[in-house]
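Presented sequentially are two complexes of chain A, the first with chain B as partner and the second with chain C.
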Partner chain A sequence: MFYREAGDFKTSYQADNQTFPIAFDRYRYWFVLAVAYLVIPFMINDYWASAILVPFLIYSIAAIGLNILTGYGGQVSLGTGGFMAVGAYACYKLMTAFPDVSILIHVLLAGGITALVGAAFGLPSLRIKGFYLAVATLAAQFFLVWLFNKVAWFYNYSASGQINAPERTVIGIAVTGPNAPAWAQYMVCLVFVTASALIARNLTRGTIGRTWMAIRDMDIAAEIIGVNPLKAKLTAFAVSSFFVGISGALFFAVYLGAVEVGEAFGINKSFLVLFMVIIGGLGSIFGSFAGAAFLVVLPVALKVVGGDWLGWPTDMVAHLQLVIIGLLIMFFLIKEPHGLAQLWKLAKEKLRLWPFPY
Partner chain B sequence: MTQVLESYQTEDGRTIGDVVLDLKNITLRFGGVEAIKNISFNIRQGEIRAIIGPNGAGKSSMLNVISGFYTPQEGEVWFNGKPRAPLRPYQVARQGIARTFQNIALFEGMSVLDNVMTGRLNHMKSGMLSQAIWKGKAEREEIENRERVEHVIDFLEIQSIRKTPVGRLPYGLKKRVELARALAAEPNLLLLDEPMAGMNVEEKEDMSRFILDVNDEFGTTIALIEHDMGVVMDLSDRVVVMDYGRKIGDGTPDEVRSNQDVIDAYLGVSND
Partner chain C sequence: MSADFLYGVEVVINGLMSGVMYALVALGFVLIFKASGIFNFAQGVMALFSALTLVGIMEGQVPFAHLINAIFGTHIHNFGWEVPALLAIFLTVLVMVAFAWAVQKFLFRHLVGQEPIILFMATIGLAYFLEGIGDLMWGSEIRTLALGLPQGGARFIEDATAGLGGDDFYGFFIDKLDIVASIVAIILVASLVIFSQYTKHGRAMRAVADDHQAALSVGISLNFVWVLVWSLAGIVALVAGVMWGAKSGVQFSLSLIALKALPVLMLGGFTSIPGAIVGGLIIGVGEKLFEYLIGPMVGGATENWFAYVLALLFLVFRPQGLFGEKIIERV
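What follows is the complex of A and B.
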């Protein structure tokens, strides 16, 4: 009824290629951006920032990264936590080694370093697929966590073995460290999220994205049409790790401030991001956001509804959360492998014709 | 055997040029099995060349040798007058050889348009940074190639399904999309592995028309494997017949039809 594309004709391929070809979608996109940039920073408080908004933004970047590899490239990875740790430690080493350089540049560089590490761990994908590749990336996960625990150089020989983010400022406002205001943390993450989403969208709609998807859908046919499998797979690993590395750097520097590697970037983190991608939707940028939002909000919502309103014991709420996530994963894997994004798309297709479906 | 000439005119006025692809004494083994035994034949510029034979004769293996999936143990592949070193399939694609598959090998999760655009891959050169910001070269290139692709889509009459995910299409249309993807690469040599398998008469007629049009309009050299003898004899300029990995006949459709070995092995005798 209100969701129409009739009369919305495209007269150039440029217009047809745009991200949101339907005018209504476009307006909504600008609206969301406007709210995110112009409204939320003025209303945000510490609780909202640290419980929901900042982790949502950071996990969105990680989910976009993993979605590029798994959803678009078809290569399963269980090493996300390890690659986030690479981003975090790279950022930490850069922050302490070059204190005068802007933190924003450090975060980008951390992403670049993670991209190199990710490409190196992507090499086995040229020989093995599916389940076996998942196990190989699992090895990366455990190796990286072990490495950051074992080699004291990575945590600057601190006695606790932790890394702590020193205070860094952007145009005079602290964004890391204990004195950083909530809105500044939020804004830094928001800028990175916006840029990541745009870049990911551009890459996936262009030539590189098509080579990734071609390899995912049928590698033999992809090769015959001229896709170099080595290049396609390694770029997928590199780009994916770039985003995962950025998210790891932000997770450490902006969100947590202090990190113990096994705790913050363990195997649980890998699964959490993988669940976000599965629930949100494989092969969809929007799905990455939906999945991240869902899994960030779910524990908070359960705690508020179950713990605070209904007065359930906290351990039961925590267990209930695991049960719900487990059920959802099974539901989505069996019923809707393309996740929330696909449900959203179907709803839109129905809405386009509503109330007269024929 | 046809007499070897530099170039000649066919009856319907097309010019058949020099040899494009020359297979010399190809032998392909899988362990102890000889799939192809010492076969030589060539494909000329602009012709439609059919490879026929009973099941298991080695026709698809032959195509796989040409497109680089298999490397023959003996023999040489000459392309454009030069012997070709063993190549990976994607390198073969870059030389201008495109193909379709017997059982459709499309990218099911992508739209028809994206599938066909993938065929333009070797014509798109913009770097990753340019694509990431989607300005300048990447966007220009995308639009230029989109125009080429739209031309192919137009040609094969699949405009109405260009945004449909390939997984949702019926069989006959999938075959056509696969042809579109191969054509979008603007190949010099197009290999078609049973383009009409599993089609009804009407779809076969459509496909035959497309094959002839492709050959006529773009001047594409075509090598095809097909089991429908009516189609093969009507479409092709020259036919290679294989049986148990051997070549048992080679020539114009008329020559092949009257070749006793071919009749015994494959065509059989009609009882009317």
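What follows is the complex of A and C.
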């Protein structure tokens, strides 16, 4: 009834090309933004911030990054954890080396450094394809984690081998370190998420996104029609790593505060982000959010139900959680291999005709 | 001969032995990938699960004891009997065959014709599921396998070679278990080759690996072959699980051997059984030698990543691995 394009006339090219061409979508988008910026910061408490909202936002950025590489560029990567570690350690080195510069700039720079590293590890993708490439990206994962563990310069020769985020402020309010209030952490992540989603959405709609998709659909054919595979693949790796690096930096500086590289950025992180992208939907920005939300909320929900309500021992709940996540992944892949984004799309198609489908 | 050189030789020999272990895991991957195009990430967890099942059956444990106790408030743990090793192995094989059937029936039948990445994701989901089920069924403590496999260094080899290199050299130290594992691996590979070359079902398996549709059109049941292949992979996983489990105890880290097998696969090619073996040997020797020669200079623990980097270098020159089928792309 409300959700349709009939009667929504566009009078300029700009209006015709906007991100959300349907009026209802636009209103919904502004509504979500308004709730996220104006309502949640006033209601948030420590539990919600640290258990759900902040990790959700940070993983969303990582999922957007991986989705650009895997969903749009067609290059499967299992090195996300390693690239997040690059972002985290770059951010740490910058924070301790230049304490006077704003943390926001450090996070962006950390993203930039990760982009360079990602492009370097993307070079083999020009010759290696498919699963061989997926396994090759594991080289990045293991090598980077080992590097950050072994080279003391990266963790400033601290005795524990950990890195700890010093307190940094944005306009006078602490956002990192133990004294940062929950709403400040949330707001910093939210700003980065909004910016990332906007940039990613518009990149994937434009020339560069189309070259990625051409390479994904068939790289030889794309080359014949004039897409430069070197440029397309390396930009996909670089842009993807940029977002992943930002998420790694936020994950370390804002969310965890102290990081041991093998634990925080191990192979499991790579799989987790890949799950988010697949369950959310390959090649969809909305899907990245949906997948991240699903996989952040699910373990918390299972823990609440199994541990707190039923009173089962925690190790058993952890095992059950593995079983249920595994089952859900298989169930989703069987029922909807294109992820939550596809369900959303179907719902919208239905809504367009509702309530008079004929 | 100088002692340093002889120690180098010892490193190479031990590398070959661990290469055999890697090859054992990689073999399961290749079997499934050849026959169904599924990149089975769950192979490592299958090894863990089968080893856990073997230990559980041998000790007469009640499956899901923790879960039952938590729900019904009972205190059961053991049936109170012990099963002899051979019977337990047989029962475990039955469990793995049932598992293969279930995977085919409930999972991959519904995913026929999907993209490879989706199938790959499904196996990761399967790995999570199996890991959780294994822990729920048999508990998550570290278990020891009491199969009576020989352990420790082989003294006779040490004594026999001690005279080679002067006073600084004490002979080659080789784990007895590694020798047993190599022999078992050779027997396993030989019987797999005989099975696939000289039996009816083996031929059907190769036909399916060659061309699904052609195999279907001459009346081979894809379903049956896939169950067969998954069962074989389960048995290979059991052997790998027993060998690795005897070495370091049956515990979660056993499932991580899948990550050791991946570079082997890359190097040897996803579709080649000889590739898995040669790749395993190259990786085994390569990473041990690198750790021995270069490792001390860069802080050690290079074994985690060196195999991947080595495989990556090989791939840059041969994108399909050493023995893989040449990748032909048509537009």
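Quick note on the criterion: the second predicted complex is superposed on the first by the 347 of 358 C-alpha atoms of A that agree within 3 Å, B and C clash if a C-alpha of one lies under 4 Å from a C-alpha of the other, contacts with A are read in each partner's own complex, and residues count from 1 in each chain.
Please note the rule applied: a contact is a pair of C-beta atoms (placed from the backbone, for glycine too) under 8 Å apart; a residue touches a chain by one contact, two chains touch by 3 or more.
Note that this is a predicted model, so its numbers are computed, not measured.
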Partners on chain A (chain B, chain C) - clash or fit: fit
Partner chain(s) touched by A:His319 [first = chain B, second = chain C, both, neither]: second
Could you tell me if A:Asn228 is touching chain B, chain C, both of them or neither one (first, second, both, neither)? first
Is A:Ile220 touching anything from chain B or chain C once the two structures are fitted on A? First, second, both or neither. both
Report for A:Leu33: first if it touches chain B alone, second if chain C alone, otherwise both or neither. neither
When the two structures are overlaid on chain A, which partner does A:Asn17 contact: first (chain B), second (chain C), both, or neither? first
In the superposed arrangement, does A:Val76 touch chain B (first), chain C (second), both or neither? second
Going by the contact rule stated at the top, is it chain B or chain C that touches a larger number of residues on chain A? C
Should A:Arg210 be classified as contacting the first partner (chain B), the second (chain C), both, or neither? first
Least CA distance chain B-chain C after superposition, rounded to whole Å? 7
Once the two structures are superposed, pull the chain A residues common to the chain B and chain C interfaces. 218, 220-221, 224
Which stretch or stretches of chain A touch chain C in the complex? 76, 124, 127-132, 134-136, 138-139, 142-143, 145-146, 149-151, 218, 220-221, 224, 267, 271, 274-275, 278, 282, 312-313, 315-316, 319-330, 333-334, 337
Contacting residues of chain C [partner chain A, same complex]: 39, 66-67, 70, 107, 110-111, 114-118, 120-122, 124-133, 135-136, 140, 259, 262-263, 265-266, 270, 298-302, 304-305, 308-309, 311-312, 315-316, 319-321, 327, 329, 331
So, in the complex, the side of chain A touching chain B is made of residues 12-14, 17, 199, 202-203, 205-208, 210-211, 213-214, 216-218, 220-229, 235, 239, 283
What does chain B use to touch chain A in their complex? 67, 69, 88-90, 92-94, 98-99, 101, 105-110, 114, 117-119, 121-122, 124, 126, 128, 131-134, 138-139, 141-143, 146-147, 150, 181-182, 185
